[in-house]
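You will see two complexes here that share subunit A, one where it goes with subunit B and one where it goes with subunit C.
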Partner chain A sequence: MAIALVDGIVVEFDERENLNGIQLARRAGVEIPHYCWHPGLSVVASCRMCLVEIGFRNAVTGEVRLLPKLVAACNTPAQDGLVLVTQSAKVQQARAMVQEDLLLRHPVDCPICDKAGECLLQDYYYRYGHRQRRAPWGPFTSRRKDIGEKITLFVDRCIMCSRCVRFTREISGTAELMIVDRGNHQEIDIFPGFPINNKLSGNVVDLCPVGALGDKEFLYKQRVWYLTSHPSVCVQCATGCSIWVDENQDRIWRLRPRENPFVNKWWMCNDGRYAYPYVHSPQRLVGARRKAPDGWCDLDWSSLVEELRQFLEQKERLAAVVSPFLTVEEAYLLCRAIRQVDPRAPLVLGDVPQVGEDERFPGGFAIAREKCPNRRGVEEVIAHFIGRVPPVEELPELVRRHGAQAVWLSGEYPQGWAKLEWLPALAELGVALIVHDLFPSALCDRAEFVVGAPAFAEKAGSYVNRHDRLQSVPAAIRPPKGVFPAGRLLWRLLGQEGTYEPASVLQEVARNISYFRAALGTIPPVGVDLKVNLLAVAENGTVNDLGTESLMIG
Partner chain B sequence: MTEFEPVLLANKDKDRSWTIQVYEGSGGYATLRHVLKEKSPEEVRKAVDSARLRGRGGAGFLTALKWSFLPKDHPGPFYMCVNADESEPGTFCNRVQLECDPHQVLEGIILSCYATGVQRAYIYLRYEYHLAFKRLTEAIKEAYDKNFLGRNIRGHDFSLDIYVHRGAGAYICGEETGLLSSLEGRRPYPRSKPPYPTVRGLFGKPTIINNVETLACVRHILERGPEWFRSIGTPPPPDDPQDPGSFGPKIFCLSGHVNRPGVYELPLGIPCGEVIERYGGGVWKGRRVKAVVVGGISTGLLSASELETPLDFSGPIRAGCLGLGTGGVVVLDETFPIVEVMYNGCRFFAHESCGQCTPCREGVPYALEVIERIRRGEGRLVDLDTLSEIGQAIGITPGTTICGLADGAAWVIRTCVSKFREELEDHIRRTNPQGYRRRLPPGTIVLPQGAPAGIVTRKVQTQWTIYPNYQLEMINKPTGN
Partner chain C sequence: MSQPGTKKIRWVNETPLSPIERTYIPLVVQGLATTIRHLFSKKITVQFPEERYQPPDPIIYRGVHRLNRDEKGRVKCVACFLCSTACPARCIDIEAGESPWPDREKYPVRFTIDMLRCIFCGMCEEACPVNAIELTSLYDLSGKSREEMVFDKNKLLLIYDWTKDAEPPLERLIAAVGTREVPGGQSPPEAPEETWPPADAAAFDRVAERAAEARLSPPGT
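Let's look at the complex of A and B:
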């Protein structure tokens, strides 16, 4: 272990970690302000905000020698004996100068700027800036430039950190953005006719430390200080990006990537980022209803559970379609509930939507062709109950062979059911359907029960992505009135005591199903790798706790 | 130094001096033949080392020391970049060399490449030097024809190719790593050092970057020996072990308010006043000197009282300037206002800032704006403090920028404000008799939240200075883009 001193605080680190000065200081709990540096991008050291004094400590004598000049911390590799001084008068003067310089031609239009409230320029000016502006000229207007389908650029707010330019070159590999002109005339631009429309373009808005790049979907919709962020997982593909759901009063306003070095690093794709509006679609199924001789009969929460239980017990022979959009806990409870009534009931995996091929980007980010979040988890749950995982196409055959009289259909597909070829065959058998879904479909017309289901942000639970990483997230918003989260419904249906707690259900799953063994205990924000832990179980016969990986926030 | 004999410009006035016939006629390429036959690269390096040749491009780094930083066990290839992007204001010595005697430079390049094991050299030529480009490309062709370039030069197993690359008129390409980025086809943003170009330079390979004049000196060192070279110039002062001394001839470009401006090859260490009086024929119109730009505008100014400063690598530093720079001596007579010097210098550096580092990109135009206000007659005395603060804070010496070109702007401001503060104060008092004492610029709004919590009083909160034409100014102001 190497040792460095940051403002007198001793930091131990491993030189193989390749830390820079900013990361090193963060280990000591010292924040070094920076704009252009981002852990996922190359180092340019151009904003000069992270200037610090550095020196070296002689290991034998303990003598410290400081360099006479300031050095950019982002470009200083952490090494044994390094001494960082981040609070000296010299450093503070340099920071104040950079702050003053950056605001010279900045329009300071914070009242109409989307970034206000989460803007580094604002934050740092209050912390490190001069007390008063002495530049002898007034505010400027902010020119707006349309540079893409989703992205707009406020030219004069830009501080030229070039994060967005580096992102399009290094991560998305599309290189639409560039810097044109020179000196203080330079600005970010696109080549005429080649807008920034790649599938990762939304990330440049998150990367922008100031309000220069705006997201057209979010522009002027909400002030960020009204938003509450909740950790969640994107359900649009099997990559399962960690995200933040930003909501205000149960309405989602935007999704942002949440740093997870094991899944999505710092990025997410536009497919996931802009998919949330379906959550607030007026077409969604709300409430529960049962077929009555003269149409539909609405059910309230208390009677729904009772009626469902009676119905299931009366039908005796059952089957279920377990959707890959269910959480692990919900899938487990569903299988248990069905199998409690009918211990030989067939369980099938719901339709797994596939679109095109995996899309891979030079920076390592990948969008999976499989457009559902939890195929792996649901498969393992089904396999635990019936030993194999039949696809949904086998449903009519299984129902016929088993003589099932009622089928529980869980859907929750944001885009609706992709394939329903098996439905006529199922309808011929005359079984009763219990549909628990987001949107109306052909299934609802033939259903005995139709129950509104929650969207991804409305339910807590765990998802397993295609690389066997399990992430547990809480609910971000409350479901609309009359929507019954599958977990709570099934919990009541099973006659369990108390309220539905996904965490305790997951513990039960982890105890009962060996695949989920690594999920025992608390799940860290970055999730746990079920596959690695399975190997560890196989080798050592014990559960290896990898749940404490340290997390560096960008 | 009466016996000083010019060598770098010896051929300048000969008829068709740029052709290989004239050059060979005056002993050219004889050194190269001799060295290829008799000397090993190691011996060439030793000769340059013992001559204590320092780079003529501005920084004055020891050339042999730079060469010695090349990694020993690197598979190669190594590159040589010749910096001929001479764009420092007041400097035109490389131009004369390349136009009048390109073969001398080529011979220096070939010898240096031989010494360092380089097989490919690039000459980064300033775009505006059209004649130099023409003569240099012709000279390279002639050298190829005579097998001074190409494969197996003169039967030796040493090969070298030279390519001329023309810049596109950017000052920043004269910075060595900016030059490399430009050669690679990228935006000429200077790179952070370390790694230095000698370790990781052009296309990621070890690269030596030397100035045209430095390489021309290499040829003469090998022809006449290091002892001859060390007999010219000033030896290191005994009290400063860091100073390797300033040896050899240097080309000075004399311009400005003198009777005989031009290019003069003089020994290093010659006093500034002697250059002006003896070679420049004195200040024009019988006036006196007010200030002298020592070596290109970025080195700053000498005042009239500092004319005894020896023009070597350490003399201008002792006189409060950045250094010898490129040897572009610009003389300003007593009638010339210093604020115009600052204005012109800052305008140049604001225009030529590459825009990478915030302090240079925004700070120099800020200084320019302040100077423009002073010129418009709206200056305040406090502006000089602001200028001095900007001058102190920008550059690679305080560490706030990546490259050294920001220092150029800083030293102009710094030396002008420190050496000519009285004149500037007079100018401000005279042109702005009403407002020169004001602390804040008109239109300033003092925001209460900027003050620390303990001192926020009612007095501070009510101190809102509203400029009557505030709205109007906002609308009429150009956006700066």
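Let's look at the complex of A and C:
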């Protein structure tokens, strides 16, 4: 363990952690303001906002010697005996001067800038700037430049931190952005004819410390102080990025990546970021209805539960399709509910949409080809009940062999069902369908029951990504009227007491299914690695292969 | 705040009434004197609606809002949401969009004020960085439905058109009076007389009449 002093506070750290001055100070609870440094990008030390006094403590005499000049904290590796002074008059003056310089040319158009409210320039000016502006006011507008399908640049708002440039070089590997001209004339630009249209481009808006880069999807829609952020998980692919859902009055306005060193670091892809509008689509299925001789009969919440229960009990022989868009808890309750009525009911894994190949980026980010969030979790739940995981294609065959008379179909695919080749074969068998889905499909016409399902942000629960990391998230918004979250519906169907609590259902899952053992107890915001007990075995050197054998040994 | 048990608490006893006071006659006489004095003094009530109360200074009166226009006749608001942020009654609802004009970035696509929820505090007027929203001196506000009382952008602009002569927008007032920020923090110079149109009763009645017409027009016009 090494020891450093930050404003007189002793910080213990491990030199192998490769901390820099900013991170070191953060451990002491001291904030060092910075623009250009970002934990996910290389260090350039160009903004000069993080200048501090540094010195070294002589281990023998205890004497501290400060360097005469101010040094950039982002470029100072934490080492034993390092002393940082971040609040002295000299440092404060340097910060105020940097702020003053940045604001000489910065347009004063905060009232119409989307970043206002979460802008570092605003925050730092308030905390570290001069009390009074000495330069004349102005300019009041910024030139605007279209630089990509999703991104627009407000040229004059830029403070030349170069985060965006480094991002396109280091993380997306596409290098569309560059700095043109020199000195006061420096500007961010693209090479003519090569707009920034890569799949990670949305991230440059998040990492821009000011409002220079704007997201066209979000531009001018809301002020950020109206938004409430809720932790969530992106359901657009099996990577399962941690995200924030920014919502105002039950309407999602944007999605942002949530830092998670084990999954997505600080980033997310455009496929996930701009997918949310389907949540508010007017086409969504709402309400519950049952086929009647002359069309449909609408059901309310209590009669739905009662009718479903009677219907299932009357049909006796059942089957279910468990969608990989269900949470672990919902999948478990669905399997339990079906098997409670018919202990030998076949359960199949719903369609797993696959598109192209995995897309990998130089910065380590990967978009999975599997476009669903919870295949692993649902597979393990099904395997727990029936010992294997049949794909949805086997459904007609299984239904025929079992003589099932009713099939519960959970869908919740944002883009609708990809494949329904098995539907004619199933229809021939004349089984009754219970469809719990987001959007109308060919299934609804043949269904006995059609029930509206919630979208990802409208339900709480856990997802297991393709690397076996389980993340538990709360609901971000309330579902539209007439939508029945699967968890609550099944909870009532099972005749359970009280309200549906995903957390306690997950504990039941973790106790009953060995794969989920690591999920016992509280789940941290970054999730838990369900392979962790297997890894312990692997590290002992007994088993290298992380297949099912090690599961049994672990 | 004194804590219980500290010496700072002083107990005050009710003064006992004298025998004459206990008859209550002096108090009754005192009360009646007040009543009679007001019977014969100048009335401060008016016979509304035949007579109309006229606010002494319509410029600072806090009545129905208006949305000002800029020199080209476009809505002046830049859709910064600061008024709706400042509003304690949460009654301003704005939907912003990219402006169709080259010299402006952002403008309000939709701008509604729910007059039933508004408490006419004037915070919106104070918050606006471009003096686009102002409270006029129109006060007799009624409607046949709740929807009618939610004023939209057009209605608010219309109110500007009606009131702009009788109650000039703040910029023009400032231009007339001189700068607001006086160097050295001295008090502003005396306003030169009659530099803006006086709020004459006739102009005021015209405004009120047109406002009455507006109430008859269907909501959302």
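In this text, the second predicted complex is superposed on the first by the 530 of 554 C-alpha atoms of A that agree within 3 Å, B and C clash if a C-alpha of one lies under 4 Å from a C-alpha of the other, contacts with A are read in each partner's own complex, and residues count from 1 in each chain.
Note that in this section a contact is a pair of C-beta atoms (placed from the backbone, for glycine too) under 8 Å apart; a residue touches a chain by one contact, two chains touch by 3 or more.
Computed from a predicted structure; not experimentally measured.
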With the two structures laid over each other on chain A, which partner does A:Gly183 touch: subunit B (first), subunit C (second), both, or neither? first
Tell me which partner A:Asn18 touches in the superposition: subunit B (first), subunit C (second), both or neither. neither
Quick one: classify A:Tyr220 as touching subunit B (first), subunit C (second), both or neither. second
Thinking of the overlay built on chain A, is A:Thr141 touched by subunit B (first), by subunit C (second), by both, or by neither? both
Tell me which partner A:Gln249 touches in the superposition: subunit B (first), subunit C (second), both or neither. neither
Contacts of A:Cys47 with subunit B and subunit C, given as first, second, both or neither: first
On the superposed three-chain arrangement, identify whether subunit B or subunit C touches more subunit A residues. B
So, does A:Pro111 touch the first partner subunit B, the second partner subunit C, both, or neither? second
Check: subunit A residues flagged as touching subunit B and also subunit C 141
In the complex of these two chains, what residues of subunit A are touching subunit B? 43-49, 51, 67, 69-72, 75, 93-94, 97-98, 100-102, 104-105, 126, 129-141, 143, 155-156, 159-160, 179, 181-187
Mind listing the subunit B positions that touch subunit A in their complex? 170, 172, 187, 189, 192, 350-359, 361-363, 365-366, 369-370, 373, 378, 386, 389, 393, 396-402, 440-444, 446-447, 449-451, 470, 473-474, 477, 479-481
So, in the complex, the side of subunit C touching subunit A is made of residues 78-82, 85, 96-98, 105-106, 129-130
Per the touch rule, the subunit A residues reaching subunit C in their complex are 109, 111-112, 141, 144, 219-221, 223, 225-226
